[in-house]
Structure formats: C-alpha cells, structure tokens
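Each remark here refers to the structure printed beneath this line.
The chains carry the letters A, B, C and D, assigned in the order they are written, with residues numbered from 1 in each.
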C-alpha cells in the first residue's frame, strides 16, 4: 500500500512536468493552429534561465592564495563572487542557494520576450502554411536553440540544487499510519507539484474569468466568427503564445533541482509531451492536463518491480502502449474536439 | 590551437602519385588489391582517425578525448613538452612522427550511435585514408566500430568503453582496449566496499537496460556476493529515463541497505541526484547507514551530479591526482595547454594513440598485422597506471584499477574525487575464459585488401 | 521507353546519369587540395545517398501522395535491417536473399502497424505510428536483446551458420557479395590530381534505387496514384464517389514500408550491422525532414533532401578547427584566428546548428523545398534568357516580383 | 414499386428526435423534391440514404437491395450519387482528373489498386470524362485546378462527377444554394437537360422557383416527418404545407 502511495506521488510529480509542457503545447495548437516542435526547447531555455542566474550570481574575481596549490602546482586562484562583497557573504550565499526560486522572477520576462519574438518573428508567417512546414521550421528552431545552449554551456548536465531548506525529504509514513521511513518524499518534488497545480489553476482561471481569456477561448472554438466581430484576435494570440512559452519556461526553471539540466532535455520531453497532448485530445486544455497526470502515474506504476517481472519491458513502452489503446478506443483522445488536426 | 600543414592525404600512395602526376592526363586505374595493406601510407605523412562523440549527451567527454588526441599528435610530431613520451618505458618513439612520417589526423562525430559511428569511421577509412581509428565514449559504439575496423583491415584503439564484451565476446584481432572493464570494477570495488561497509550487506541494483549495464551488474553482483553481500533486488531502467523517482522509491520499501547504480553519463547523474533527493544518504536500514555505490565513475559526469557525489564509492581508470611520473607529466602538458586537468577519457585516448605509434615503430611497419603482433603481450610502464600488460588472448590491458570516493571538500570544480585505493593488477586479472567474458574469438588479424 | 511520358523520361534519364556518374560528380575537387574536404565521392557516403534516397522515395509515396504523416517509418527500416542481418548470419553472405527478406519483413510489419494506425487520421495517425516505432526501438534496445543484440547492434560473427556458404574458416569474416562480387570491392581511377572511386556496392545500390525510382514514377502516374492524390485532397468525396479509401491508404503505407525495408536491407548489405537507433523517433523524423526539405509530393525532391541531410551529417561534421586553420592559412595570423572563430560554431561539432539553420531558411524562403528552389532558378534563367533576346536595355528593369 | 423505398425510418441524436417515422417512395425516373423548414430533418434524411448516418430503425431499400449498414462507397457503387450543399470536389486536382476519378471508380469498383497502368493511357476513361465536362460546359477549363473555380463552376464540376457515373439515383442537396439568379437559372437548365437522360433525382431545395421548375413530385418535411406528399400543384395549395413551411404566406 505504501508502495502504491509512493508511486502515485511519483506519477503526479512526473505528470506535473508533462502537464505543464502539454498545456502550453495545446494552447499553441488550439489558438494558433501551429505544431510547435520548439516547445521542448522552450522548456529547456527555462531551465537554463535558472542556470544563468546562478552563473550571474557567481561571477567572481580572483585572488591568489600563495599557500594552496592548484593541480599544476601553481599558486591557487581563489574565486570570490562579487555579490559577497556587495551584500556580504551571508546574503550572497543565500542568494546563490536560492537562485532557482529567484530564477522564477528572472525567467518570466525572458520567456515572455522569447515567446513574443518567436511568434512575431517567425511563427506568424506559418499560420497558413501546411503543418509539415510548421514542423520543419520549429524543429529547425529547436535545433538552433539547443545548439546555442550547448555552445555556451557544454553538453554535460549542470547541477542546480534546490535551496538547502527545501532539499530534505518529508516523512509521511507516520502521518498516514505506516512505519516511519516507509513513505519519504523530497520537499522539492512536493514544491514542484504544488507549483504546477498553481500554474495550471492560474491558466485556467485566466482563460475562464477574464474577458481576454473568454475571447481567446471563443477564438479557439471558432476563429473566423470572432474575427468577424471586429476583435483583433491575432494580437491576443500573440500574447497567448508568450504565455505558453512562459508556462514551459517556468516548468523548466522549477525542474532543474529534480534533474540537472542539459542542452537536450527539451528533445527528451518533446515526444512525450506530444503524446500527452494527443492522448488528451487535440484542442482540449483539460484533456492535456488529465493525460499528463494519467500517463505520469501509469509510467510510475509500470516501473514497479512486480509489474516489470510480470511483463518484461513494460516500463519502456507503457506510455506508447497506453497512447495506442486510448486512441483506438477514443478516436479523439480523452477530450478532443472534432475536426482539430484531423486532416 | 596547434597548426599543421595543409593537405589531407587520402591514401599515401595516391597523394604521392597526385603530386607527381599533375599534368599527366593518362588515367591510372587501381584495384583495391594493389595495396600491401589497407591505406598503406606512402607519402611523408600518416593519417589517424579520431572518432569521438561531438553531438549528443557525451559531447563534452568527446571534446576532452579530442583534446588528448591533439596533444598526442603534437607530442608524436615532436612538439610540446613530450608529455608521457618521456616517461613511457618503451623508447621507440623519437618525436619525429611515426616511422619518420608526420602524423596528421581527421575527426568525426560518433553521435554515440553505432550507425553514425560506423559511417564516420568508414568515411575516415575510405575518404581520408586513415590507417587507425580510435576514440568513442560508449561500449555499443566501440563494439560496432571495432567490428568495422576488423572487416576493413585497420587497427582500432578503443576509447572509453567499459563493457566486458568489447574484449570479451565481441573481441576482434584488430581491436585493442586500454580502458578497464566491468569485471575489473567489480573486483576492485568489492574489497574496498567490504572494508568500509562490512560484509553483511543487502544490495539493490538499478541497472541501465542495455549491454554495458548488464555486464556491470553481473560483475559487481558476483564480486560482492562472493564476499558475503546479498542482492535483494535488481531492476532495469530504460535508457531514455530521466526521472528515476519511480525506481528509487521501491528501494525504500525493500530491506536493502546499499544501492548500486549501474548507470553512466546522464543516467548516472540523474539517478544519483534522485537517490540523494529521496534521502537515501540519511537513511538507516538494518541498523546501518544506507550507502550508494556507483561502479563506474567519471569526473566529468560527477560534476553534473554536484554535491551529491560526496562520499560515494566508485571505480575509475585513471585520475589526474595520481602522483606517478607518467601521470604528472601528462597532467602538466595537458593542463598547460588547455588550462584544466584531463579526464580519464582523455587519458585513455592519449595513451592509446601513443601505444599505437609505439607499436608501429617497434614493428617497423604500419601493416595492421605487424602492429597487432607488436601490441600483443606488450608490457609497458610509465603511462600512469603502473606496469601494464596488453594481453594477447583478448587485447585487454591489465593494470591497476583506482577505487575512488566523492570528495567531501573539493577545492576546485575539478577536484571532485579522491583516490581511496589503487587496486593492484593481480587482484583484477581474470582468465581469458572467465564466464563473464567467455565466448567470441579474436579471429585473425586483417590487413585489408 | 519504359512507358514513361517525355517529361518523366527526361527526369529518369537525369537521375540515371546522376547516379551512374556520381563518383565523378561527387569528387569535383582534386586530391590533396583544400577543397577536397568537400568531396563526397567515397563509397560509404555514396551508398548512404542512394539508400536514404530509396527510404525517402518510399516515404514520399505515403506522405507526398496521401498526406498521411507517419512518424514511425524508421521502424520498418530497422525491422528490414534486422531481418537482413539474420539472413546474412543464417543463410549466406550473398545479399540477394537478405534484401528480399528485408522487404518482406518490413512489408508484413508495416501491414500490421498500418492496419491499426490508419483507423485514425491527421495527428492522431502520426502519434500512433510514432508510438509503434518508439515501442519497437525501446524493446529492440533492451528486452529483445537476444534477437537484436541491443545497444551494440546485430553483427556477424565467425561462428554464424551461413548454411549456404562454404567459406574456408580462416578466422576472418567473409564479405557481403552479389553472386561472388564483393560489395566492398571496386577500383579507383586517377586522372591527373583527381581520384575517383568506383565501388561495386554503390552500383548495386544505385541500380536498386533506379528501379525503386522507376516504380515510384509509375505509381505516381497510375490510377492508384491518382486515387491517393484524390484522397489526400478530399476523402469524403472519394467515399461518395464509390472508392474505398482504406485499402488505398493501407496499400500506400505498406509500399512505403517495403521501400523502408529495402533501404534497411541495402544498408546491411553494404555494412552488415543493424543498430537499434535506426528505429528511434529521430530517425523517423529525419526521413520526414528529408522529404519536406526536398519537396514533398515531387518525384525527385525526397532524393535531393536525403542527399543534403546526409552530406551535412558526414562532411560538415568532419571539418575541425585544424582544417579551418589550413583554409585560412593565407591570411595574417590575427585575421586567421578571427575567421576560424567566426566559422567554428557552425562546423565540426556544430554541424547540427548549421543543419537547423538550413531547415529554417529553406522552409521560410522555399516553401516547396529544394525542388522549388530549382524551379525558381530555372524560371529566373528562362526569364533572363527571354529578356536578353528582347533587348538588353530592358532586361535590367525586370522586377523579381513579376 | 419505386426505385427507392424508405419505411419507418427513425433517427435520434441524444434526446432530439431528428427523424420520426419517415416514409418515402421514389418512382423510377421521377424528380422528387423534398422541401421543408430548417431543422425539418431533410439533411439527416439524405445522410441516412448515402450511408453517412445509420437510421436507428426502419428500412431503406434501393433497387431491390437494402442500403442499411452499407459504407458510402458501397452505396455509391449500387448507383447512388450525391451532390453536396457545399461542393465536395478534389480541390488540388485539375478538372479532368476530378471527373476521371469517378469514371474510374465506376469502371474498376471500390478497391481495385491499379498501380501499373498509366492514367494518360486510359483513353476511354479520359474521353468519357471530357465528354461529360463538355456537357456541363467546363471542357475549356479542364486543366485548371478545381479549387480555383467559382462556386457555380464547382457545382457544375460536382454534378459532372456524379453524372459521369450514370447513377440510377442522383441526390441533390440544395444545388443552387448561395448562387446568383443567373447561375441558378443556368443550373436549372443543366438539370433539365440531365432530366432527359431519365435519371431518378431527389432534390432538397429551399428555392421554390427551382423546386417548381424541376420537380414532378414533392414531399414536405417538418419536425422530422413527412407531412405531405404530392404533385407540385397539389402541394402548392395544401394548407398544412403553407402552415408548416411558409408560416401561412401564400405561394
């Protein structure tokens, strides 16, 4: 039982990442009708916002320590971050340690800027083009973005730990009446889950309760009619693109303490998030979120030793298998609308 | 950046004929049979092929390998401070190239995919006339390229490849490995683990679901079980896995008190990070402190895991903090040129390049079969791992293996591992027909054409 | 001739000439010159050009004609490869049975995948094919290791049975051959400083590609091809016209799957190794990119697209800083460094970046792919020729927007 | 005994009863118009005939065989062709190809996969298609891409695509919807000309001018059922029809 609770937690956590990426993808599908293969790259850029902020905080000057030696036997150069001098070592250390949460603030304007320039500079010319062209151009963009990151940050994963206050893990075992130590869950993963829930809730509330959101939802359902009403839907769609980029970016920022970011993390998530979106059903935001959590939980269960020993290899293919089964039993995924991306 | 003279020889012979034949319109037809051996260098230069990952997750490791190769070429051609050529026990190399021919090189991208690696190696052999291929950062690639070199008739000097199979069931006459392997990791680690954690432990293995993972798990299991550990669980994890939480949590439910992560590269970084996140380091199981073991360590990858590696045992082929003369010479010339210490991948690649050049000098010929003969059973020293033997039976180097531990107080971003023990070679040597490496045969050396 | 109309015949003859003279065309630069780096006329790459050409031609029969975008075609290539290697291991090193069996296995597998996936259309279809291919890849890499040899890839071994061969076991692997002609064999021709390589394996691939290309032309011009184009533009009308679209799409799917299998079979015939990465989604994506890059729905486009991508992968990735320094060695040191510094990110390990930029440029400026680029050039020349004859003075005024 | 006999057809969409015990008998050679207000169930009824929808209950017999549980292409192969409200044509293909496809469909059946013969060698098929294009006055435009045609020409093309199959029954769903008066008249003339071939037709139409120029029998539908049926003259005077359909206004 405790094993199952743990796997549900794991699944929800994985699902959070899937759902956040899929949410943005669906917004872009639904509003702009664009297949965005660069969405994984946006997630990756978000993660590297956190890395960059950390790097900025640790920009240092060098002093020579004549006593200690470096690996070549020369006097050791000691690096001291400038912020230590500016804010004192205590605040400086705290800033570096808290750089991931601080990167949320840092990344929002950057991701919005990236989203706006992507949509205005490139995507808007592809609204009327075939999906194949959209795939080619966004895939090309994704490669370019990740190669740029690779050029500056290298190919290795870069550790970006969570603040020390949030690195431990919580013991739910006693709370729920199990043995102590049987249900342990890292604080940061709980933070991630809560964060994801808040973002998802925020996006839904925004779309439901603001005029802006209502217009966009109407536009998703029937672009022409809304356009006929004299509403400038294009401008709103641009903002939606920036919002989607921002959601992906934030998902990336918060993900960095869970797994050290590297330049191809976006591609790793891209295919899965496409599967999530399609399983959820094209054009359905609720479907994307539901499918994200569903596939996350199923993936976690499939990796349990008992299940793998019963069906070897099931942990490798579970997501795809579930996708096939769902698409064959429900033609438009969980909650898809008719006629979206079906031709 | 070192500069070399222009000109890429395709095949020595053809280059010579091209130079002589300018203005001659008469076509000359060669059949592939007209060479003594594949890509025989006939001009004043010889071309080596450096096939390393330049894209994909191991690109940084590949870049470090390439740095080492460039350094080796510089030293072979008489440039720089000579590096390990000065400490190498064999004195055949004179710093005038190989057999008096200037060393040139071509590079390619393996992408860490067997297909791409083979395509890249083929292009070096067919287009650039490379006489030897070396490099790589995974066993799948090493085995695939080794097979290709055997068929094409050139020598393959493996880069970083740790699976038993490279010199086990997939060994080839034209292929040689300096790097250590899974068996050696297991054999070197077990006693150290026994000393540090006791012989009454329950181990849980997470294993990357591919060839290298299997052989590593097998090696570590059999050597730890031999000293009394019990293996309570072994789960295979998909290669593409990035979040290992769902594989870590079952460990909490098991009665294991040691977790062995048979992962490498990005897998290792992520699984170790996740394991630490779930508090395994602070856990007490069966009245003992819970421990994590990473059988194959790489400093580059350890960097990706950050503080999580502290205090975690693993094994490695070589580390820059070694203080023998060879290591010191290598670290000095690499560090002076590039500004940071070399990785174990760089070390093995540098050594492989030198060993090849030395073998050619001693054999007096580039003919692969002569080189094979010169390398088989070759004993040498001064290359950073103590006295070493290139065993004739399987073309595997036998040398000391390092057991290392993540350092508690690193002084720099390179100073992540500390050497716990240098396991003597006798302890990691195995019979060529040991069950973990049995099967396959070297076959006969193939000089091509 | 061959039952082709004059336009198709011209195209076919051009392709015939291109493939037959490829060893010359791809090696335009003399040996030993700086530009020899750009020569692509060595056997492995020439083989890859035509093999991926076949793969893309087949993919285009599905995607170009019916509009169904499969993201899983690499799986068929992979299955074909594995089947081919097994034939080489079990039966004989003659490549003919291997290639035939590759095509058959890929055809059977694509029949199963196609039958299920074609129950959905649009992106749902794409994701279904992607899911099948990713499952094949994941299983081939891990659980199916006994059949596929997992990560390492399926290779030949000395102790393979090869029941039809009587090779002397001299400790080396026999080479793949076509009734005794070894695939790796060939001859070289030196003309002054130029060197040209003629490889038997390449010519076998080239002949197979010509046949494949010919069949593709016939399919494009057949009633079946017409029906495929019809169902791409309006399936509803097709149904109400008395045609059942299902068998048509399924047939197109299987044919393109068999083309993929043929490509896989040829790959192992040239180089007997089948790696699991061949089935990964990136490999499927690659053939999609080849087709779109060259020009989906055109006859020659996919072949060109395949050529461009493989050229980048194999030639650009091999240019390192050392080569750059040589190129710019005529410049003073400072400028040499500056040039190398500027070009450095785009070559060698940066070849992906160049490829990505090229994808974007092509799709932004040439929506119809490379083929459209060629057509524009042709029109440009024709216009220029026309206005020249009309009078030199006016030609300068010809506006590009005309 | 008519060529098309529909008995007791019901169709529900959730709680909505779209068709309620519809009976219809179409005589061979007749031009049978179905009229009725919006939402009367005309289109649903037509969709039940061509296999786009399956009726919940009831029988649909055409020329002696049931159309129930048949796929659209099977129904077409029995000799039923349909013109849609918005023309359904092969937009990316040229006009000649548009008409050759139905010709081939009739010649080869639903699934013959002929990948080896050449389209431009099918002289008979092409001549037949060209003839048909001539009949509808589109021969000169045969090399144009279909999507570039005007709406009226698209309708003619669609008509040609149906007629070339020599259907036994032709279903016309508002053939003049959205057309100018001149186009409408042209279409009426065209349909009259076809009438000479003796093809049975069912016409759904709003434009009474069209209905009364073409039809020799009219069924009136309202609220999912047929409320009146008869000759045009009878229908014109039927008060129930005027009430249901025309809201009492006099025709």
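Basically, a contact is a pair of C-beta atoms (placed from the backbone, for glycine too) under 8 Å apart; a residue touches a chain by one contact, two chains touch by 3 or more.
Treat the numbers as computed from the prediction; the structure is a model and nothing was measured.
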| item | value |
| --- | --- |
| Contact-graph distance - origin chain A, target chain D | 2 |
| Chain nearest the overall C-alpha centroid of the shown protein atoms | C |
| Centre-of-Cα separation between chain D and chain B, whole angstrom | 74 |
| Centre distance in Å when chain A and chain C are each reduced to the mean of their C-alpha atoms | 34 |
| Separation of mean Cα positions, chain C and chain B [Å, integer] | 33 |
| Centre-of-Cα separation between chain D and chain C, whole angstrom | 47 |
| Two or more partner chains touched - positions in chain C | 138, 141-143, 352 |
| Per-residue multi-chain contacts in chain D, two or more chains | none |
| Per-residue multi-chain contacts in chain B, two or more chains | 55, 59, 209, 236, 238, 240 |
| Which pairs of chains touch, using the document's own definition | A-B, A-C, B-C, C-D |
| Touch list for chain D against partner chain C, complex | 50, 71-73, 76-77, 81-82, 84, 88-93, 97, 100-102, 104-106, 108-111, 113-120, 122, 161, 165 |
| Residues of chain C touching chain A in the complex | 63, 67, 69, 116, 119-124, 127-128, 130-132, 134-135, 138-139, 141-144, 281, 285, 288-289, 292-293, 296, 345, 350, 352-353, 355-360, 362-364, 367 |
| Of chain A, residues touching chain B in the complex | 2-3, 6-7, 10-11, 13-14, 17, 68, 70-72, 76, 150, 154-159, 161, 167-169, 181-186, 188-189, 258-260, 262, 264-265, 268, 299-301, 303-305, 308, 315-316 |
| Complex contacts: residues of chain B adjacent to chain C | 1-10, 14-15, 17-19, 21-25, 27-32, 54-55, 59, 62-63, 66, 70, 105-109, 113-116, 118-120, 122-124, 126-127, 138-140, 143-144, 147-148, 150-152, 165, 170, 173, 209-212, 236, 238-240, 440-444, 446 |
| Residues of chain C touching chain B in the complex | 30-32, 34, 36-37, 39, 42-45, 48, 138, 141-143, 145, 149-153, 155-159, 170-173, 175, 184-193, 195, 197, 271, 273, 275, 277-278, 313-314, 317-318, 320-323, 325-326, 329, 340, 348-349, 351-352 |
